[in-house]
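Right after this note come the structures.
In the two assemblies presented below, chain A is common to both, partnered first by chain B and then by chain C.
Up next, the complex of A and B:
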């Protein structure tokens, strides 16, 4: 039997480079989902890493840092938040 | 510990009762109201004691002095952390961070006397002329 390929569709999946099944400590949504204010995951709702190695949805963390009570600290360890380069 | 929702459609407002099974406050039922605003978890839940009780860290209006409800709140904490914190206040009232200075002074200077005052207050009696709510089951 001869098979002739008439066409094909490429499919790709992506995920953030974080350990499996981890959730954002602020909103508790998986990192591969998006923060509660966004509709779709992806580059528009990215993650942010601190030098302390803690990770959050960027929107969740920025909202926290804008809160007066945050004192600019990482929500996990209360060290001054410095975004990892 | 028990939660109930006066309006079942409103998950952001509920009541909690704590029944310590050891410590100074054993045998009492202590009631709190929780209000969670739309900025949660960036803002802590607002928690008040709905009874007038004699406690070093709870004033006569029901305001609660618990670090994680104020300056030490962070959004990775959750209601569970608050519930454990409240429970702990009844096991180990803290004289160093008082909202009720008289009660804190009693706890610091004379534990036996403090214990007696707690028992009196929980029965709805007065402590130095201030009457408290009966919290016994």
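Up next, the complex of A and C:
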């Protein structure tokens, strides 16, 4: 007998590339979950990485940056927030 | 000229004008007074008389007309107007003539309006009572005249006095006894002379003694008769037959009324029959016959019988009793179905059948009575939740069965109908989370293994669930559909990329990947598997492409859900095998073996890295299932670690394309347990959250109060012992503390 794989239906699960059980520094909700304003995690509530290597829920960080007290700084290290590419 | 003096002049002139009008009423006088008052000091009423100096013409005209200006003042009469002295007499004689004309059926000489006015005038002048007396006297007079004329009535009176009174011997008594005996004989089934009965009874009606002389003894006799009959027949007859008999009796009695009794007897008579034949035996009827009637296999007949029972019980206001029995029957039958662990496979269908039957009984037999429909709902809710979790699970699986490929016998409307029916059962269930968990797991398999009968059905079921439980319940399920759609889009962009071209020309594997969002799908335990280098490379290519498109993500492969299409060359021809990824990897081990060369179980395990349980299942499906590509040594149903395998070179099958991956669809015992456990874990969090919510609001509560409040908040049944454990855990985590004096009191720690 000779068999050869012709077609393959694979299944993969994606999750954010952050250490397990780590939480968002702003809302304290795990990154696997969503920010407090969203209802479902995933594409609709994505994460944002800064050049300072800190990660947040994008919605949480944007709301933070809109407040006056933030002065456009990363809430963790008070350096100017620059979104990583 | 001041306005005051102008006024006076008008007063003088106008008084004479008005006084001669004799028909002024006090009302009008009052208004005229007001009119005066308004006028004082204000000239608004006569604006045209004000001089307008800057218009010369007007000034000239004023010069010419220096006479006093006319002003209209209305004053009351000094004396009250009087009627002519003989007005009353004259009017009465007119009215009297008219009344007499009416009595004698003649034409009335005067117009009716005039007569009416005459009456009104008399009444207005407070002569109503005398008019009334006169009229009464007139009528009495007239009747006196009449009475002497009716010889017939007199004759009747004499007849009544002489023959039909109790003092005049016992003719009357005999007549009445005779009548009653006749009726009794008719009730017993004999034919009697109805005409005679009718004329005798009408004699009593004409004499005006129907009620005391005939009706009362007749009703007494009737009560007596049916009392005995009821007691006798309730034991003798079956319930349906008894009911038929009662219907017949009621019909007979109503015939009797229309044939020869006075219609006034109708209500008391039917009441007597209702009382004696139905009301007295309500419990006996329900006890003895209700369950049998419900069980009866002849559907049409039992629906009729139940309808009859409903009608009769409705007459005596005993529907509440019937409803009680109805509810108890449903509960008993239902819990019989739900608690029967040997017939779990048919539980949902049995429940649907029961529901259908109950609905049709309510609709047809019970007149669509809303209360009874409510009883059905209530009873279902009670029994279906008697057994926890299993009904919810089975309902989810039933839906899966209907939505799965290979169930094509039903058409669209049938599927829709079935889904709607199942949803009604679902509505009764408390543990909706169990349903969700199993439904989700099955849905995932249908979607990922391409086993769904139709996306339209899936979407329709989803929208039904959303309507039933709200968008929160279905958001994850909707997310699953979204992932499938996104994956399809992503795969198209993958196929148009240069990387995949390389994949297709060199490796020749047609790769399709569903990429899932972790939160939406059921969690799967990772299953280890060593992929052949070609496939592993293939996987890497895709992963690289995916991550280049979606930064900040991680991909994990779910081996247990993958499936492959294999091109297989056998001696008897080429085949295409649809297999699970595990099966594929195992089969690849048998490539390029010498004839009859055996591979040991251990070798396969080492090469593929598949876990024992999974490998057992996989090998069993390949060597012991319906389609046997492999041969096992020694033969047997179960796979042992010492077994050896070869390819069945003589393998043949009637189709070119063979599906061997049915095991993937089947739910394993572990999977089932895992799903259940996951739901219980979720429930624990819900209990924790509810406990904290309550305590945060109430600050201090006794243990029992807390538990009862908690149970009312939870949407599933929770064991008190489990709740206690959660309370302990919250105390450990310092959400709560016990009171230092009374340990049954809990306090919230902020």
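We adopt the following convention: the second predicted complex is superposed on the first by the 73 of 85 C-alpha atoms of A that agree within 3 Å, B and C clash if a C-alpha of one lies under 4 Å from a C-alpha of the other, contacts with A are read in each partner's own complex, and residues count from 1 in each chain.
Going forward, a residue touches a chain if its C-beta (ideal position, glycine included) is under 8 Å from a C-beta of that chain, and two chains touch if they have at least 3 such contacts.
Computed from a predicted structure; not experimentally measured.
When the two complexes are overlaid, the chain among chain B and chain C that reaches more residues of chain A is C.
Contacts of A:25 after superposition on the shared chain: chain B is touched, whereas chain C is not.
Of the two partner chains, chain C is the only one that A:6 touches; chain B does not reach it.
Put simply, chain B touches chain A in their complex at residues 39, 41-43, 71, 73-76.
Listed in rising order, the residues of chain A touching chain C in the complex are 1-17, 32-34, 39-43, 46-47, 49.
Taken together, the chain A residues at the contact with chain B in this complex read 25-27, 60, 63-64, 67, 69-70, 73, 75-76, 78. Interface residues of chain C facing chain A in the complex, by the touch rule stated above, are 448-450, 472, 475-476, 479, 486, 508-521, 524, 534-535, 538-539, 542-543, 546, 550, 552-558, 561-570, 576-577, 581, 584, 587-588, 590-593, 629, 647, 649, 651.
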